[in-house]
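Some structures are shown below for you to check.
Next come two complexes, and both contain chain A; in the first it sits with chain B, in the second with chain C.
Take a look at the complex of A and B:
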């Protein structure tokens, strides 16, 4: 039987962790862009847009990420798009991230005093200009800490994509366990890798929050 | 390509789905009770003056909050047997959910506890209450009232997260969906229905908790 050294295991896990990081980045960036559009729809003066955005957020926050992954994985082929684990993982995580970020940011937009809306409206700014020049710059300041905090959820969310066969660090852990029969060690290391990725994000979210509270 | 949807083939599997929903509800109920209890204990320890205790609980909270639930579950189910701790699927699922919710609710409840005005604790002490009595009768109630909405959201997240317990063959709703689609080859319909059921469970859970909150905290305590 082959023997695996600790370095064999760790190096393979770290290699797989690249895909965890890459998928997290893709999901966070594209989810951020989609989330911004969703946010604008959610606070827009057009009722159908508002309702549609609200519904989207409710559905994605009220259902498991695993089910979202399965639906994307099995639904895209129905409309003629070939799916791979990569594309479904990226798409599902993007939609998931967009829904949560839009809701987080909505709270930040609502924290901007009403007078700011009224003042900018009295200057004859339309909704787009109000958002662009008055509301979003102020909302952005308070939005940074919770957004950084949420990035932890995105990184952890990528673990679930192992279930549809995307080979990131959790899937690699399962595969290595099947070869080495050392689940305690392997999953322990997998957990530590996630911790190493997420803890700095958690800490910086906390530090940013403290800085913001002092500034206020 | 035209795909014709066929939800009728799911009818035969109603008992499987009902079992799945029941198991998800049971898992959630048990781990909510135990997890929140653990959270209250953890929050008490974290805010206590016993430094080592606060540090240990702090490490537990950070460790759990910065690793995925799926990995925690795998570690418990596949990893612990090498220490001689062999758990059934549902035991591992409950344990992982309790540990997970315990960490998050420790942090949530701690925020509520720290928001207690100092004067109230002093007032309790001046009435001759002991430390635990102050915690139980003065601090905990208003703290829980304040953080009830946040705690509700977290419990919903844990309930939704329980879907990955299907991966260790705990027979909850996702497991039922996997089972059905492997039989009738209608994955889209099955997962669509399962997702709708999860959404209904999430809405129902929020509704129950808001009712409970109104019942428990309406009197005498301002709802923040």
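Take a look at the complex of A and C:
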């Protein structure tokens, strides 16, 4: 039987953690962009856009991420769209992130006083101009802490993609456990890696929140 | 704008016909007709809930009316009100709560719509903003943020912000009600100056003395209708409805 040193295990986990980080980044950036579009639709004065955005958000908040992943991975090929573990994972996490960020940001937009909408409307700004120049700059300030806080959920969410065979740090942990029969050690290390990724994010979210409260 | 007081021209600049508006089951405007001529200064008074603020806010489409027609210098607002952009460039509005944009300096507050809506170039925008701020006596506060200004100064910036757009008519919705008493005069001073320069003004106000001194016409609203209107002295001295008599009594007892 082969012997594995601690370093063998850890180095392989760290190599796999790169994919966790990369997938998190992709999900967060593309989810952020999609979330912004979704937010604009959600608060727009056009009822069909508002309803469509609301429906999208409700569906993605009301179903498990795992289901979303299965649907993207298994259902898209049925309608002729070829998927890989990579694209499915990225797509599902992007949609999931977009739905949550849009809803978080909607709260921030609604925290901007109504008078700001009225004053900018009275100056003949249209909806897009109001959002860009008046509402979003103010909403952004409030949005930073909860947004950074949510990024922790995205990092942890990537673990689910191991189910469809995407080799990130959790999947790597499973594979290494199958070879080493040391689940406690391996999953312990996996947990530590997640913690090392998430804890700085949580800390910075808290720091940003404090900074914002002082600035007021 | 000419510095000489121009007298009303007789041309209706703002024309309201049969304006109706309900909030749910409550009808707050029950068919209001009103015309304001160019250069006129009109104050709307009445108890809270009489519909005066709602009427004012409907003139630039902040409240969607349920019936009637609003016409401002040829631009119409009807219950459909799809595109308000043209209308809103002719109608300025100042609010009780100032509503300055807190993330922008005084100068940027004034310049925003000039840049975004009127698409003026940088130099013209800057010049217009400087002259608008100078007009309200705040030329030196161009780079101050709203949080660094007093309530009275903020309200004057808000007036400058509206004026810079060169509106045909300025709507003022209780613009001194949120101010500390010692700051009221500086804001009313600016409004008085505008009135003297011939700006068309429609004000909702509780400042009865100011209304009496500055306005050409007083409109007393009661129960969603115009109960009485005319020259201020006439209305104050010889109210013809018991509602107005009672209202004046209440205000003066304060």
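Structure notes:
To be clear about the criterion, the second predicted complex is superposed on the first by the 216 of 216 C-alpha atoms of A that agree within 3 Å, B and C clash if a C-alpha of one lies under 4 Å from a C-alpha of the other, contacts with A are read in each partner's own complex, and residues count from 1 in each chain.
As a working rule, a residue touches a chain if its C-beta (ideal position, glycine included) is under 8 Å from a C-beta of that chain, and two chains touch if they have at least 3 such contacts.
Computed from a predicted structure; not experimentally measured.
Taken together through their common chain A, the two structures put chain B and chain C side by side without a clash. More residues of chain A are touched by B (comparison of chain B with chain C).
Measuring from the middle, so to speak, at the Cα centre of chain A, the directions to chain B and chain C differ by 100 degrees in steps of 10. Of the two partner chains placed around the shared chain by superposition, chain C is the only one that A:137 touches, whereas chain B remains out of contact. In the overlay built on the shared chain, the residue A:121 is in contact with chain C alone; chain B does not reach it. Within the superposed three-chain model, A:75 lies in touch with chain B and out of touch with chain C [touch as defined at top]. Of the two partner chains placed by the overlay, only chain B lies in contact with A:64; chain C stays clear of it.
By the touch criterion defined above, A:129 lies against chain C but remains apart from chain B after alignment on the C-alpha atoms of chain A.
Touch criterion not met for A:48: it reaches neither chain B nor chain C.
With the two structures overlaid on their shared chain A, chain B and chain C come no closer than 26 Å at the level of C-alpha atoms. Of the residues of chain A, not a single one touches chain B in one of the two structures and chain C in the other.
By the touch criterion given at the top, residues 60-62, 84-85, 88-89, 91-93, 95, 97, 99-103, 112-113, 116-117, 158, 161-162, 165 of chain C touch chain A in their complex.
Those residues of chain A lying in contact with chain B across their complex are 59, 61-68, 70-71, 74-75, 78, 80, 152, 156-160, 162-163, 170, 173-174, 177, 182-184, 186-188, 190-191, 194-195, 198-199, 202. Residues of chain B that touch chain A in their complex: 1, 3, 62-63, 65-72, 74-75, 78-83, 156, 160-164, 166-167, 174, 177, 187-188, 191-192, 194-195, 198-199, 202-203. Those residues of chain A that touch chain C in the shared complex are 113, 115-116, 118-126, 129, 133-134, 137-138, 141.
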